[in-house]
Amino acid sequence: MLTVTTVTLLLVMALALSRAFVGPTVFDRILAANMFGTKTVLLIAVIGFLFGRPEFLDIAMVYALINFIGVIGMLRLIEYLEDENRNAHEDDV
Amino acid sequence: MLSHLPILQVILPLLAAPSCLILGRPALAWGFSFATSAAAMLISMLLLQQVWLEGPISYFLGGWEAPWGIEYRIDLLNAFLLLIVSSLSTVVLAGTRQSVAAEVEANRQTLFYVSWLLCLAGLLGILATGDAFNVFVFLEVSSLSTYTLISLGRDRKALWASYQYLIVGTIGATFILIGIGLMYMMTGTLNMQDLAQRLPVVADTRTVFAAYAFVIVGVCLKLALFPLHLWLPNAYAYAPSAVTAFLAATATKVAVYLLIRFSFTVFGADFSAMDIPLHQLFIALGLIAVFSASLVAILQIDIKRAIAYSSVAQIGYMIIGLGLGTAAGLQATLLHLFNHALMKGALFMSLAAVALRMGSTRLDDLAGLSQRMPLTAMAFVLGGLSLIGVPLTVGFISKWYLVIATLEMGMWPVAALILVGSLLAVMYIWRVVEVMYFRDPPASTQVSEAPVSVLLPLWLLVIANIYFGIDTALPVSVTADAAQALLGWGK
Amino acid sequence: MLVATAIGIAVNRDLLSVVMLSSIYGLLSANFFVTMDAVDVAFTEAAVGAGISPLLMFTTMAIVGRYEKLPHRWSLSALVLVSITGALLLVATMDMPAFGAPDAPAQQHVAPRYIEQSGQEVGIPNIVTSVLATYRGFDTFGEVTVIFTAGVGVLSLLMIGDRATKPLSSHLLKASQHKILRIVSKVLIAPILLFALYVQFHGDYGPGGGFQAGVIFAAAIIVYTMLFGLDSARQVIDQGWVRVMAAVGVLLYGAVGVVSMVNGGNFLDYDVLAKDPIHGQHYGIIVIELGVGITVAAVMVLIYFSFAGRLVDRGHQDD
Amino acid sequence: MDVYELLSAILLAIGSFLLLSGGIGVLRFPDVYSRMHAAGITDTLGACLILLALMLLAGLSLVMVKLLMILAFLLITGPTSSHALGKAAWKSGVKPLMGKALNR
Amino acid sequence: MTDMLLTHYNYWVVMVLMMIGFYIVIAQGNLVKKLVGLNIFQTSVFILYISAGKVSGGSAPILDDAISVYSNPLPHVLILTAIVVGIATTALGLALIIRLREAYGSAEEKDIQEQNQC
């Protein structure tokens, strides 16, 4: 069953990846990246059990953490860029 | 304590750098850096003496013996280069305080000295280590600090030069990393001597050939060998003057050292000799470098840039000596390493003095400099003469040995071309001399001679240029032995 | 998948998507490292390739703009150069030992000693840590120096420390709207810091160590900075102090080496740090890992502060 | 096969199914908000189930504690980032598809 | 040949990745993208090393009584160092880009070179 889960996870990762490629908006990509991250966390956890060395959960934890930080970072940046755009437009007017 | 010399050489500047950051004040930082650099010079002198008398020293870091731990191995070759690098750093540092104060913003000066120490530590680390991967680590220490030093130049072009160098340098370092990785895959070791023993077994595999190619191309990128030299003139021209003097005198030397080390020690003279086209390629590239770079140098308006191009040309000479693959050729290369460090140090330091007083190193701005700054102008001329290779200067000695070495191989045309190359050097030096001595200074500006603290180290270098041009015993005997040792090691 | 992502990066012109893809690329390669048994590497690659470096790139992008201007043309000379390099590597693979072969030279000469004897000689289960910290401890010292050098470089390029604190820009005030994010992060920061400490000191037994811990620690502070603004983060953590800490980490590492020299061993020879070599090794490794952690955390925070400082400055110019 | 293993196998299966449906949803749904819907919900529940399954496999140990921590972390951050994402998308002017646009 | 394909599969992936990364570095005009390319390039080398360290049937090099075959820890150590070096380079490069953008008003290679000409 673990193997099946691993394969499913890989499949879902591929799906998320293609969404990240296609876009079309930035938010789709962020969504895909976030989803990809979550899948990675699960994958690492499952692989740990599959290989019989579940100590590696630490890594999964780091992934979860990094994923969260990454998403926040991206969102903050987009907000910032948009503020700037708005300012620029106001200048035009 | 004497047995710890090899490691002290490197960790002294390495540990001094963070301490320097804590110290804070630029004046303090300068004094501290100078003291550290001087101490490193003393250590390298002791090391050279020790190696000269007793043969190579091995030092096992962490107490783990060679193939398992990292080994520092000092033989004649790197002891000699350690001395060059640390002493040039000391001399240049002695004369830089004013020039740095003028060219670098006040709040960045401490960081400037910190980077300087890190760069010094990185260069010394590359020289001292006997471990291939350790080379990569210290290469990056020195490179990263070099990028920082270059970017501190006043012109915004310095930033661009630094970025270009960063890209090229990282590609070079990554190539070296690939090469080391491939070597490791084939031999299972990273220690240079161990590699030298184990490589011949697998020498005819294509993997090792590719490893060799990757390492050589990577080093050549760092070395700025023609046609991979495009980053160098920009980097040298826009870096702060003191940095240019330091880098020109040391960084390329370390790259040449790496080339020698990998070609002769690690892969062994036999392996290098096996690929005969490679040697001819080196000679050809060297000659092209000499000519193209010298010609471009003649056309430059900015003297700093012209001398930077001349560095590319001089590297060409060193590569020719290397490409010969004989003891005499190697000796000529090593001699030229030493001599080039002396003359480029002197030239760039005099330019630093000019930049300090005039605020520019453009050719047009230097009219009549001999009346305003006679000592500096004189120093530049002597350095230039040495660059050309006039008798009684160091430049002559290395050209002499190089020509002899080529003649030994029966390569008449090469020897002739080397001499023609020197004529080109005459042309770009003469242009400067003409402007400095035979044109009237513009009446409007008042410029005084450079301060003593700059002149003193500058003239120290100039005198060294002449002294070692007359009394050649020390460098010649050291390099002769080093060259012999290199060729003998592989067997 | 790695290849596909890389191609995506090459083709895409929206830098934001490029960086996002590169973050995915980082995660993917980390996955790959896990399947290759390189757990420590995967740990680091996840923190660096998918975490810190995209974050820094995002921040840079906020400053330099998001889109590539010029349409991309295929450059023939570049293609040729790349093909030559690729061909060279292809040639290299021809004579390589097969993938995973236990009798390859790389597995034969030096490595077995680490696997067989580090248990007795160093006494900690994680072989990667013992090789990293003792056998090749000097490389790691070099690595810390590299990080320190980068910190110095970034600091000198993006100097901000000496200017008086500026009033909060409009941009930063807007951050106060993220109520939910703020509360959640506040709850999370303490566990993250604890986790960093766990990684720091558990590195002897499992994957982890000073570098990873330093990155995680810095990440917690970066989250705080992102949500509460640079100025309030600077109030919590003084930048001058961070600078000193970056230096202290390197010095701590060096000091271990010097002490072992004074005690009669070679540089970084931990055997002499205590009466019994195994204990000496333990002390040595703990202290140097601490040094690594301190420097890495300090430098990362310093770099992020410097980047974010430029962001705030530019916000001012725009107003 | 004892009860725990059976149970964990079932949980894994359900979790996998959820994740897969989420993945397909993300690829097939027409706009950001519906995709977010697909991803956010299945992600959290699927991850929970899989982690629970692993916990059953691990039994009472440090590993289980770690899994619990990951679970807690995912439970907190998952919805939070979805929320932040939605909010940012809304603020930047991406409008959800409504009415006729959906039929296209 | 098929045999070769199977046993060297990893190395070929490395090769392709390296070429892509290298191409981005050389041919792309945007400075940030160049750095991303550099990252890909370096990561490909990491994969090369790690692949070299893998032993079939081996497990992660953390000592455990139940396990007898471990993968080679040495490449892992080297790559840890290399990753750190890589992030250091990236950080410095990005800082340089920020300064370049401030000095030239652009982050495109072409714009900067045009401005340098005059």
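Each chain carries a letter (A, B, C, D and E) given by its place in the written order, and its residues are counted from 1.
What we mean here is this: contacts are C-beta pairs under 8 Å (C-beta built on N, C-alpha and C of every residue); 3 or more make two chains touch, one makes a residue touch a chain.
These numbers were taken from a predicted model, which means no experiment stands behind them.
**Q** Among all the other chains, which ones are in touch with both chain A and chain E?
**A** Chains touching both chain A and chain E: C.
**Q** Counting C-beta pairs in contact, which chain pair ranks first?
**A** By number of C-beta pairs in contact, the leading chain pair is C-E.
**Q** With centres defined by CA atoms only, which chain is the most remote from chain B?
**A** D
**Q** Indicate the whole-number Å distance between the mean C-alpha point of chain B and the mean C-alpha point of chain D.
**A** Using C-alpha averages as centres, the distance is 58 Å.
**Q** Using Cα averages as centroids, what's the distance between chain A and chain B in whole Å?
**A** Result: the chain centres lie 47 Å from each other.
**Q** Could you please state the distance in Å, as a whole number, between where the Cα atoms of chain B are centred and where those of chain C are centred?
**A** Result: the chain centres lie 31 Å from each other.
**Q** In whole angstrom, how far does the Cα centroid of chain A sit from the Cα centroid of chain D?
**A** From the centre of chain A to the centre of chain D is 12 Å.
**Q** Taking each residue of chain E in turn, which ones touch at least two of the other chains?
**A** Correct list: 22, 31, 52, 59-60, 62, 64, 74-75, 78, 81, 85, 88-89, 92, 96-97, 99.
**Q** Residues of chain C that contact two or more other chains, please.
**A** 39, 59, 61, 89, 93, 96, 104, 106-107, 110-111, 114, 136, 139, 142-143, 146, 149-150, 153, 157, 181, 188, 206-207
**Q** Any chance you could list the residues of chain D touching two or more other chains?
**A** Chain D, residues with two or more chain partners: 69, 73, 77, 80, 84.
**Q** Sort out for me which residues of chain E touch chain B in the complex.
**A** The contact residues of chain E facing chain B are 22, 25, 31, 34, 38, 41-42, 45, 48-49, 52, 74-75, 78, 81-82, 85, 88-89, 92-93, 96-97, 99-100, 103-104, 112, 116.
**Q** What does chain C use to touch chain B in their complex?
**A** Counting only chain C, the residues touching chain B are 88-89, 91-97, 104-111, 113-114, 134-139, 141-143, 145-146, 148-150, 152-153, 155-157, 159, 161-162, 243-244, 246-248, 250-251, 254, 257-258, 261, 265-271.
**Q** In their shared complex, at which residues does chain D touch chain C?
**A** 69, 73, 76-77, 80, 83-84
**Q** Under the stated contact criterion, what part of chain A meets chain C in this complex?
**A** Listed in rising order, the residues of chain A that touch chain C are 13-14, 17, 20-21, 23, 26, 29-30, 32-33, 36-37, 40, 43-44, 47, 55-56, 58-59, 61-63, 65-70, 72-74, 76-81, 83-84, 87-88.
**Q** Applying the document's contact rule, which stretches of chain B touch chain E when the two form their complex?
**A** Touching chain E from chain B are residues 133, 136-137, 140, 144, 147-148, 151, 156-157, 159-160, 162-163, 166-167, 170-171, 173-174, 177-178, 181, 184-185, 190.
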